[in-house]
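Down below are the structures I want you to see.
The same chain A turns up in both complexes below, where it pairs with chain B and then with chain C.
After this line comes the complex of A and B, so read on.
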């Protein structure tokens, strides 16, 4: 029964992605970034590189581990669940070459960090974004 | 029995089967190990690749993470981890052209094998290739393991084969060899002749070995029985051999085996002694021809003939001894079928001599030593145109029968011997003498071909033969008739010559009765013609009898006292169409000789009866007399035939009288007497004809019951002139009268004779004075004429005599 529910939810989620794209990646306007591709967002968030094409360093900010938004973000970005993302990070953390993104306490926290650090990038609830932030990536329909 | 021979181990079934099994397993094992090795190598290779691929599977996601995150540390971890596998030789993780991490095992030697590569993609974007992992296998290690595996498999195979071989050997030994060995041992101890079968090894009753033992037992049984039969045959053969050897050695006949040319393969002692061969052996092989055969070539011919025809042949051969003695041996050979011949030799000298004697006797007259008729015909059986001329002389002794009758056969034989001696004295050495009958001799005079030359010799011979013969104290005189014929002019062969000579002889004999003849005759054609004439006459007579040319004439018999006709004699007449009248004296003997007399006699009787009956109907009470010759009695004219004729013509018995001559009485007296008695008992009268001409034995008259005697005409004819005849006639008449017989005088020709006869008291007469024999048609007139004549004459008769009649 549980499986059936989960399956139903999964189907609904997949069938309605446009409705789920309620987040956007925002940056500090001082960073000078106006637009990021999906690959760039992916590489930055999953630790491939933290430098932008402009030469600026990018500091991704993650949502709390139990945040529903975080799960939606990774699902829609790279089609992985959080367990997979965690397993991925556990291998890299083990070697010590890179580290996972910094975790903000909440949406507000994340936006705060962006405001304070021009290198920071964060994905947040779309509704919370205001003119202090530049939306650099919004997942396509 | 031979001691059991041990089979060498290398020839045994165990070794052989082991060798075979080993050979096969080594071959198959070698082949299969090659295949297995190859298979194991291939599979090992594949499996190694599979394992490497699986290794890569295990590290793929980590490696891709390492590449994605450019994490050399992580990549190194992965590489090191992989290298821990002994099959891995070298691992390289590269992100594009950059080698992220690389590690390899030391002390390597590269097999020439490509590495196992795996393309690595981004963990988050499957389409994006971010690098690769390349893995070189440690092929040395892999192959070493594969080798180990295949070696192990081979080892297992070999040990299995070893087990199979050992097992096979054991089973072969237990199941095959041991029972065979046991059977073989039993067979060695076994004595099949004393019976008993070979035991079947335990548990093998149904197996091939059991069957084999059974077959051996069967075969042994058959062999033993065959052996027994063979032994029995050999024993019998030996006995037979011994028997035949005895026969061979002790036979009185000679036995030999020879080839076609007479080379002797074997012979018995009798053969040597019979053939007068020397006992010491001169040369080998001895030859049949060595003996002193007079006709050796013919003996070899006999062998050849036997070999050719494959049939037994035999012949007699004359053997001449060294001292001039002779022996006849009968040699019989029969083919043995292999080209040789077995022969027997028997001494047949005695038989041969007897045969020759018998043959000589068969052609010899034992009394005179001359040839007999057979010998004569044999000796001259092949007379032909090349035979030189000769004369055949046939001699017949006249009166010799009388000598034999009167003086006995011993005297006759003595005379014959003397005759032979005289004949021998007159002939030449190459003349041929034969005695062909009792007193018949035939001489063949070689070289004689002319009458003139021969006549003196024949005449001298005749004279010599007619001289007196002194036999004991008696002196015998006999005559001789000689007939001579010449070859070739008087006959082409012996029978013809003998016939010619006999004709001449007959002619001489007939002539000798007249005075002044020579007593010998040469054959001439005239004699032949006479014979021809007689022969034709015979044919004519036969036709005459059948064609009725013979007819009867009747001569009246007159009662001299009354002048009446008493009867008539029926006389046979033959009017030959060409030759005219032929006398009964000629054709009656002819008819007797050719057997026509019976038929003629019956015709005469029939005619006589017919006419007698006719005359009786006309009132002539008289008899008709019929002549019967000796040869007709009794079978050609049995009394029953006579009586039957009388009955058919309704005649009384006294109407026919039978005239016989003394000749009838001279044959078988008893038969004649019975015949006469039978007819007389029936009432017929018997006349004795021609009385006085023959022996005229008065005892006949007494012995045979007759009725009438007819005095021969020769007496009556001479009666007037010759006083003695007259006396004789008178005596006969008187004697007949005293015996109660009537008398008929034949041949009364004149009145004087009639007067005399009347004077003598002769009751009946017959002759020309009264009448000749006349034909039946003239008989009545003749009777009338005689009655008239005799009536004139009657007054001369005495009245008392008339009364008597």
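After this line comes the complex of A and C, so read on.
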């Protein structure tokens, strides 16, 4: 029993990211969004509801499949690992429902897309954000 | 015997699947890898090709019954390993014609009603999302008869090897030609979604009397969802009005002429009871999913009401729970299915030459009897990106009368069988 308990802790520890949130969700200032709640970010990224307050349809931008930032984002936003996120999207994609987020090649790519598309939202490395962007969501520690 | 060509087809199919898998393993697709210049945003492709599949084998402990996944399968698995019931392969292409219009086509090869693995067009529709709240689809679309019914072939998307057969077994419809409209609106802290659908099926089922063509049967349905935090609640209703009779010939005509000749109106009524044409079957279901971090629990209940006397009305349900431990998610579940006998008889005396008619009629009346529970234990291991291995044990514990949805159950079967399943699910 003790071994099983230790194993459980070990598995959980291995699965849990040690780092605090080092990412923020940014928008284009033209979108007119100042703040999104965690539920709103979740609904946009999981394709449940993408309508912004302006009436426009939000266009979420994802990081590459093998990015560590992507894994941290979904872990901290909804406590899911990437296999679970992929399984979730396989259900929606192969039943012909919502489209998954557009995938950017890198942080720079994601920021570039946000600059070019006023309805785009991206989670990016906090350190890369400058005054051309509005931080609309930052996870509470 | 036609077993040989079927086996040949199955082995050719398996080689095809193997090739498909090797292609998947050898050519991982990285959407972002093409970006040569980091300053330029990755161009968004409007055309995508993706797919899913399962390589699955299963065996049971009984040689007196063949375990099937659902009623679309003419044969099932018994006491030796077989890849028949779970192995499948699907490809899908999405073309985003404009920012709000998308065309989707999906082809699936799986073991189905005619014993073949011939590819089948599952979806072929145009989707128009004029606004984030409204989505309209027209063409060949998924039959959303119960929660998760339109993704039940995508093994990678769920925890167990297959959705509970007690619950989804009677659903041999996957798609219909028609349209649906869904509206999503915020309500309180959550989202409410309503969906209406309608059209006509063109699918075939299989059973002891042979293939049953239900092409042209009108279907209609309504779905209501409420999602808030970790909860998703859903209520569903759907109906189908069958366009064709099941081929019980020559039994109905014989009953009619015997009834008329010997003065037994009950035999004529019995012949009428074998009608499925223009009868409506209604499906009702409610479900709840609780999905919070590592824990996911889902439960559903259904009730199926058939106007025809051929099928017994039934109620079924299941509860399935899983808990993620790193890359492995063990799960456990229980499902049940109960049907209610419809007391029809021919009214003919049970002596020669009528006894044979009585026996044939009575067999049909009990052919859809379901009276069983299934206990499930298993684990899913996400061992690499876009692939999962699963192992599952199902203990079917029914009464000796229970024979739905199994294929070829023998008279002496006690209603118990244990099914062990292994599978590899993948997407690409």
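Here is the rule we use: the second predicted complex is superposed on the first by the 122 of 141 C-alpha atoms of A that agree within 3 Å, B and C clash if a C-alpha of one lies under 4 Å from a C-alpha of the other, contacts with A are read in each partner's own complex, and residues count from 1 in each chain.
Following the convention adopted for this analysis, a contact is a pair of C-beta atoms (placed from the backbone, for glycine too) under 8 Å apart; a residue touches a chain by one contact, two chains touch by 3 or more.
Quick caveat, the model's predicted, so the values are computed rather than measured.
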Q) Put the two structures on top of each other at chain A: do chain B and chain C fit, or clash? A) clash
Q) Of the partners chain B and chain C, which touch A:104 in the superposed model: first, second, both, neither? A) second
Q. Between chain B (first) and chain C (second), which does A:47 come into contact with in this model arrangement: first, second, both, or neither?
A. first
(Q) Taking the superposition on A as described, I'd like to know which of chain B and chain C A:72 touches: first, second, both or neither. (A) neither
Q: Classify the contacts of A:83 with the two partner chains as first (chain B alone), second (chain C alone), both, or neither.
A: second
Q) Which partner reaches more residues of chain A, chain B or chain C? A) C
**Q.** Segment of chain B intruding into chain C (one of 1-9, 19-27, 127-135 or 775-783)
**A.** 127-135
**Q.** Residues on chain A lying within both footprints (that of chain B and that of chain C)
**A.** 39, 48, 78-80, 88, 91-92, 94-97
Q.
Give the list of chain A residues in touch with chain B in this complex.
A. 39, 42, 46-48, 78-80, 88, 91-92, 94-98
Q) Which of the residues in chain C come into contact with chain A in the complex? A) 30-35, 38-42, 44, 50, 52, 90, 92, 94, 96, 102, 104, 106, 123, 125, 127, 129, 131-133, 135, 137, 141-142, 148, 150-151, 153-154, 156-158, 184, 186, 189, 191, 227, 229, 292-294, 324-327, 382, 385-386, 388, 427
**Q.** Residues of chain A touching chain C in the complex
**A.** 8, 11-12, 14-15, 39, 43, 48-52, 55, 57-58, 64-66, 78-84, 86-88, 90-97, 99, 102-106, 108-109, 112-113, 116
Q: In the complex, go through chain B and note every residue touching chain A.
A: 62, 65-66, 68-74, 77, 123-125
